[in-house]
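Worksheet: the structure to be examined is printed underneath.
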Amino acid sequence: MRGLLKRWSFWCLMILVLAALFGNRLFDAPPGAEVAAAFSKPLWLDRTLPPTLELALTPEKPSLELDWTYGSPSRFSLRVETAHSAPDRFVEWRIPDREEPFRLTPLRTGTELDGRDISFKRSLGLPPFGDASSALFPARGAYSLSVSGEGDWQGSVTIRLEGGRWGLLGTDQRGRDIAALFTAGIRVSLLVGIFATLLATILGTSLGLAAGYAGGWADSIIMRVVDLLLSIPLLPILMALAALWGKGLWQLILILSVFSWMGTARTIRALALTLRDAPYIEGLRGLGARTGYILRRHLLPETLPVLLATMTLGVPGAILSEAGLSFLGLSDPRVISWGRMLHEAQSFGAFTAGAWWMLLPPGFGIALLCLVFLDLGKYLEERVDPRLRGGGPS
Amino acid sequence: MSGYWARRTGSALLVLGLVLVLNFVLFRMMPGDPVASIIDPNFSPDAKAQLSALYGLDKPLPVQFLLYVKSTLSFDFGISFLTGRPVMEELRSRVPNTVALLGTSLLLSSFLGTWLGMKAALKRGSLLEKCVLWSGALSFSFPSFFVQLVLLMAFAATLPLFPLRGTLSVPPPPGGFALVRDYLWHMALPIFSLVLLGFGGWALYVRNLMVKILGEDFILLARARGLPRKNIIRGHAFRTLLPPLLTIFLLSLPGVVSGAVITETVFSLHGVGRFLLEAVTGHDYPAAGASFFLLALLTVACNLLSDVLYGITDPRVRLDRGAQR
Amino acid sequence: MIEIRNLSVTYSRMTGEGGNASADAVRDVSLAIEKGRLFALAGESGSGKSTVLMAIPGLLPRGTKISGQILLDGKDLLSMKEDELNRIRWRRVALVPQGAMNSFTPVITVGRHVEEVLSVHLGLSKRDSAGRILSLFALAGLDGALASRYPHELSGGQKQRAAIALALACEPGYLLCDEPTTALDVITQQGIITTLKRLSDEKGVGILLVSHDLPLAASAASKLYIMKDGALVEEGDPRTIAAHPRNPHTKALVNALLELEEDPS
């Protein structure tokens, strides 16, 4: 097993599992929350666009300096939270090349202002059209936000500037952080991939052992069922079942496993056929061992190495099927999955917005996960092969 | 030997029968009002009663099933809920597009993949071989819709070289030649994407098979007989490669059909795949059932055809295989 | 005459840990094959005899180190390029491979194999080949109807005879037979040996018969070579060797066989 530690796929998988379990703690907001403007670009792309920022004033820090090197933000909003109103104190906004600060609002409880409010614009002496932010951010330079007057005050003043950039991977059509969505999506892919394949393997192994060991009519019936299920095109049946029986995650896992156990069954059946006539098995039968015992204590352990390899190689198939169904819109809209992200990218205008950062992360994520399992599966297969050829104990 | 074919055909018919049962169960006995799965719930009660009698919905279940089998086998699939037209008519306009899409891309990717795979097997250790070994895994791991979306965004949205959607422009250009050109222009990206996604698997499979064949004794003996390299590769190696290759070709058809659904959805093509998706999401049961049946029929036919072709090309298989199962 | 002079062959095999383990298969072997006579090369498995045989038509794997000379009527086969060798293969030197090998291409009929070499080497058309194929089969002791069969449809003995028929297609001067009787029953074995002897006596073909079956090799050959561990340990008239083996190994072998013969139980 030491060879496992040398493979890139093993470490990659560990990182992904950790990200799936704890990744969302890296972000301040839950993945489904709106954090910035829709279709914001990633921070590292196009530095001329203003980023989305939230700045706060507190009694400890009553003023703020800002060196603004971009164009004006698309939206400006302000929120005052204080226990004691102080109507003689104002939130002041200084812009470069102007002595007079803007008086945005007195310090009153529960004030929420948005740059689009007409009354707010009028109070600043601005025309009623457009967002106030272009007037509040006329040029590049030094800006400052402060609370006027002397003495202490209580509460906090928060301003929120919405720009065109946010985060590591930008935002989607609903302003959700794509990096957070991406991290949340690992969970679904891993869950569906592993569980669906696990169930399929259990199903396939039991039926394969039954068919191979028992033989006779059980064998014929099971093989007929295998033929039938293999004759049904996978994606169409998944579509039909998902649309007709519900789009939930567990339904999906169940449906996927029902249609992917056939390969395992065939492999296990072949193995059981060869082992059934092995001398040591015959000996056990001669001693009076019961079928269940033989299957459980002898045949099953023989199949485990092959099963592990087959299962690992089967996971990518399940991941891709889930992604495909989600892409077609046949998955639970409340569940964040990479396929779903691509569905929304296509359906909600990523193309017209040119938001390629919505497109690439989930796609590469799926591919990475598949390659990881393919590499691990190949490694397991290579380890199993010489032992498989050896057959049972000689 | 005829016993083998009889058994295979019988098997195929049995599978088809079971598919019919499955179809019946899926699309007619769905939860909810059984009548709603055949007759549009928006029809007036009179119309519903008439159609009910027509479809025999008041009759016992086994009779309904027989009626269903009869109508399906005569390709009478009823009326689509979404468009109000007979399902068969809807399918008729779409099938050629799907067949053109899938047929062309399958032929192109299999030819390209086979050629590359053979070259890679003949030039072991070369860069080409390394690429082929990787291309198999890569083309499997990247979801088809992702690659297609990227291509679409790159070459239709960002660089407006190709249309963003559809099988033909709206309105379609007049005249034979312009029409054909417009059609090809629309189909170019979809077909290119399918070939890009498909050739890798072929190349890898052919390369592996070819490497195995080239290591066989009879190839060494062919060299011993002083045959020129070309003769050996074409007449012996490739000839041995042919039976499994043809089988894989036919067996890949059902999978390719699934690809049609996704490709037609991404590129908004007027085909059977997208029809199925719309029917399934729109709960258009007659349309969904019909599309599904056709796809299952295609799968069964391909499996049978691949068995037949394998028997023809590989003489070792022609003997009665009764004992082997 | 085919003259092998000081042939040494070293296979280079890559071992798992990345090292290069070489095995000396043949060490400084010299022998000759004359037309019209049957020569036998005997030895245990792994003694290098098959390697010597396969070296003659240049069929050793790429990367094998070969030194020495193999002269066919004076020209060194080891220094020839592939296209030159192809003109010699089958037309002047033909191979009858081990019965255990899959020597026929499974998807092509046996007759087609013969047709192919006739077309490539002698330029014969399909029609002209037909008669030739029948006579070749007859020569090898096979029913001509078997020509339209596929390799898997023939029995072991039939396949071996078909391999002989194929080898004789271009009327080569020399025939190299690698274990032609292994895995066949005794009667078939005798039949094949008889056929080969007839070929060397009547048709003047020079035959090299490689076998691990010492009595069989001794019974058929006019000259016997014995190899052990890659080197030639004994050569000469078979009866002389049996009566007066020089090499201790041969001595032990002969004694063992005599014991078997003497012991009536």
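To keep things simple, chains are lettered A, B and C as they appear, and every chain counts its residues starting from 1.
As a convention for this text, contacts are C-beta pairs under 8 Å (C-beta built on N, C-alpha and C of every residue); 3 or more make two chains touch, one makes a residue touch a chain.
Just so it is clear, the model here is predicted, and its values are computed rather than measured.
Novice: Among all the other chains, which ones are in touch with both chain B and chain C?
Specialist: Both chain B and chain C are touched by no common chain, going by the contact rule given at the top.
Novice: Compare the CA centroid of chain B with every other chain's and tell me the farthest one.
Specialist: C
Novice: Which chain is most central here if centres come from C-alpha coordinates alone?
Specialist: B
Novice: Distance from the CA centroid of chain B to that of chain C, rounded to the nearest Å?
Specialist: About 51 Å, centre to centre.
Novice: Between chain A and chain C, what's the gap in Å when you average each chain's C-alpha atoms?
Specialist: About 66 Å, centre to centre.
Novice: I'd like to verify one number: the distance from the centre of chain A to the centre of chain B, where each centre is the average of its C-alpha atoms, in whole angstrom.
Specialist: 30
Novice: Give every residue of chain B touching chain A within the complex, in rising order.
Specialist: Residues in contact with chain A: 11, 14-15, 18-19, 22, 26-27, 30, 137-138, 140-147, 149-150, 152-153, 157-158, 164, 254-255, 257-258, 261-262, 265-266, 276-277, 280-281, 283, 288, 291-292, 295-296, 298-300, 303, 325.
Novice: Once bound in the complex, which stretches of chain A touch chain B?
Specialist: 223-224, 227-228, 230-237, 239-241, 243-244, 316, 320, 323-324, 327-330, 339, 342, 345-346, 350-352, 354, 356, 359-360, 362-363, 366-368, 370-371, 374
Novice: In the complex of these two chains, what residues of chain B are touching chain C?
Specialist: Going through chain B, the ones touching chain C are 216-218, 220-228, 231, 235-236, 239-240, 242-243, 313-316.
Novice: Mind pulling up the chain C residues that touch chain B in the complex?
Specialist: Touching chain B: residues 57, 59, 85-91, 94-95, 97, 101-108, 116-117, 120-121, 150, 152, 166 of chain C.
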